[in-house]
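Each chain carries a letter (A, B, C, D and E) given by its place in the written order, and its residues are counted from 1.
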């Protein structure tokens, strides 16, 4: 009746994981072909959160494009702001004052802590360890309160400005932050690491899963802790320092095997290093202005100055109505180390007041693309571990 | 007291239903289930004998039959899975060759 | 190695290909023709003294009416070993809107090239999976082109998926509870 | 013997009255168990809440004590959604099976001296039979929902429950050998002949295997793979809502109570105190046995919550490896050792 | 009277369930009816004073073998089965065969003579519980067949693994 079929047929199940799924960290969609529990093929689909940030930025002034960057990686918006400001400052050739640099560094590292906290704890939550999530959110809450104290916003801060930061930080802020940095390393050791670091189930779920070698990781374009887990000490803060990173001491933790566990350890270690950086910054914090002397050309003056000072009023009026001053013609690429990896801004200027082209090199975008590689020979539960380990935010991936 | 004949009659009817099911169904799964049905009908009559003849031999036999049934189900289903992987068919008339 | 030297090295090796070398704020761009881009990239990737093993970024730029070749594909390369970087810009004219894919050299170029195709319509020859990535699969047009409007009333031209969403929303309104 | 004891324990010679008494007994046991189930959820949320430096439910009533009632009301009045392509009869029957299986397990559990609904000689086997039925509710729900997530959950669960049933059964064989009976009341009484009054001490390996298997059998963390919310969203009951969902929820907690009760009866001496303690402090005899029983059961339930707040989830293949390569050999070794010791003495 | 009523109920329900099992289009429904049937069989065993066997019936048949069936049916995920033809073309012949066997059994039963009665009366079994009695007989008189049965199971396990294992 039928001719003998030569190849072995198995019935695969195709499941669409996401875009609404608790473990996909937003609106990532994975189409998984499963043979039983093992993954035959994994295809990521992105773009559910695409808002056309690059297109929008082309139609805005350099200043008003700043809030767009908040909404990329919405849990580490300060780093994105700083990355953008560094790029635009490089384009205009201006340099923020020392104090502003230190403040930015502090803010970036606070963001790194809160972002890594979310990264690690949601990863642990996906794998089933729920308590770490709640422990770490308590500490994240303290940081967010501190953000609120200085910027008035908790998540989308828009605090840095081209040529500095919006306003100076208060002494109270620094004191409270210092208090936090005193306590935090102990919290990491006593509460985070004891919970899962040596847990046998945690080790079983993370060791030897999603292994990627150093060469391959570089070839895929991975950056940040995801790359450092494979043993490559590539950190832009170290090798192309911006802000105050060349004035503080810190180590770049690297992993050895390039598996999920090593990446987790890298993030855990970076928490301590960030804490160290913040502490040094507070200790070394210089006095002085927080805005570059030539920066008023780019940035709105503070409200109280506008209401009392004639020059500031004129300045604001010109900025709002006529648009900003023209940028020099040229193109720059500026990379900064955000918690997820390397955030690159490639800005092409045609000499007008708006970016002609603003390209965002988002780490999450690259990291999602490596998922099919990580999920090779994986089983369903490993897919979850792999999504957690690349620590993605879809707002940044889809832009 | 229910006569022993009734039990044997019931067992026979179920056995025959199992036989008929085995013969007329196309689906191998249901055919395997019919075999289980036949085994169970035999078990009923054995337990009934054991009860009425006041001898435990019948019940011991039921044990062995359950063992064999478990083995049969495991092997039968394994064959079925292997067959399905090769042919994607569970119907008897679609499986006409001996070659895999 | 200084970026300037790298640019000179490329120019020495491919004199016919390199059209221009520019420098701005210490960053050097090498403008090349697109035809032998893969060869140049392979050279950059595998020559030991250059060894650009990390493709930091790959993107397109639309110079509508500003330059003679409308598009440029921009590669940012970085070397982990030597810690230097270079920017390669390949010109892609509108009438021949295609360029060789570099996925063979850097796997990470895969999604960047897909995005570039999605946003500018530049075709990457030899790409293993040339699909749209950020926009829906049945989307028409390439949104980051300069002649693509940021907001416009497209009427019948509107993406049909959008109309479907609106229809569903209208239909679901009937189920809403009155307050 | 007063009237209450007559009614509760001995019944009457009149068989109609007997049936009435049995029905009253069943009603009391089910009612009390359901109350405990309700408050087990509250207990869980409070315990885990405090372990995770938060408060747990606080709004309804004093410190949220009325929260279970509010939850029940909410679930009761929720719309019951059945997926369009579901196999409707199976979908509707599925949640009833685990509740039925777990509730009927209560029939053979002696809560205190002499109080048991059905005094049958194969109590332990009956419990196994009922717990093996629980798998059907899961598998049927997974199949009937016609959703791939619930389907995968159902597949995982059936494999898991079958595997761990073996380990659980084997772990209790040691107890059976020592007690020489399958009757649960007999098992409790048999433990009284030792000064420590618990099989926990000679049978600690069996106890360990049993507790691990019980976690798996009730689909609790770290073995909650069938309902792993981060992988399969909610696994087999992802399509259920309202009352049917509540039935699954209730079955899980009744299952926990049953498993804890078995552990208490077989390893912790049930309602009795170890003779060594009871003899040193005679005043403790005043405390009724049910208090000890409940205390021990609640310790085990607390153990469930404690583990849930602490450990991550197992992976499917590791889970199977643990079951077949660690627990079953351990249980078998325990049986061999126990029978040798029993034979020698 | 009461025992006869019980038996009548069990007999009718069991026959109906068996018919349901062999006629359902969807194998899952067949399995679920079979589950109900096994419970009735267990009930009948209780009725025949074989409580241990009743428990074994539920644990082994309902708890293991049927779940295995269900597992395989779900794994194969036979959606097209529901629309396919249920019976083979020559099904009337099968039914006729069945009816003829029934006739045969009927005639055989009319000549049925009950054999001699053994030593295990209900009272004797109840005195030391059914489980113990069965265990004693099984491990003394029938020890050798018992070992053979365990060997059969071992062979079945090995065979099942070999068959189901993926090639290559």
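The working rule: a residue touches a chain if its C-beta (ideal position, glycine included) is under 8 Å from a C-beta of that chain, and two chains touch if they have at least 3 such contacts.
Treat the numbers as computed from the prediction; the structure is a model and nothing was measured.
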If a chain touches chain C and chain D alike, it appears here: A
Contact pairs, highest-scoring chain pair: B-E
Distance from the mean Cα position of chain E to that of chain C, given in whole angstrom: 68
Chain centre separation in whole Å, for chain E relative to chain B (CA means): 7
Geometric centre distance via CA averages, chain E-chain D, whole Å: 29
Chain C, residues touching no fewer than two other chains: none
For chain B, residues that touch 2 or more chains besides their own: 84, 93
Chain D: positions in contact with at least two other chains: 151
Complex contact set, residues of chain D against chain E: 87, 90, 93, 120-122, 125-126, 128-129, 132-133, 135-136, 139-140, 142-143, 151, 154-155, 158-159, 161-162, 165, 181-182
Chain C residues within the chain A interface of the complex: 24-25, 27, 29, 53-57, 59, 61-62, 66, 74, 76, 80, 83, 87, 106-112, 115, 119, 133-136, 143-144, 148, 150
Contact footprint of chain A on chain D as seen in their complex: 48, 51-54, 148-149, 151-152, 156, 221-222, 224-225, 228-231, 233, 308-318
Residues of chain A that touch chain D when the two form their complex: 13-15, 21-23, 34, 37, 124-131, 134-135, 138, 195-196, 199, 201-202, 204-205, 379-384
Residues of chain E that touch chain B when the two form their complex: 3-4, 7, 10-11, 14-15, 18-19, 21-22, 24, 27, 30-31, 34, 37-38, 41, 44-45, 48-50, 53, 56-57, 60-61, 64-65, 68-69, 72-73, 75-76, 78, 81, 84-88, 90-91, 93-95, 97-99, 101-102, 105, 109, 112, 114-122, 133-134, 137-138, 141-142, 145, 149-150, 152-153, 155-157, 159-161, 163-164
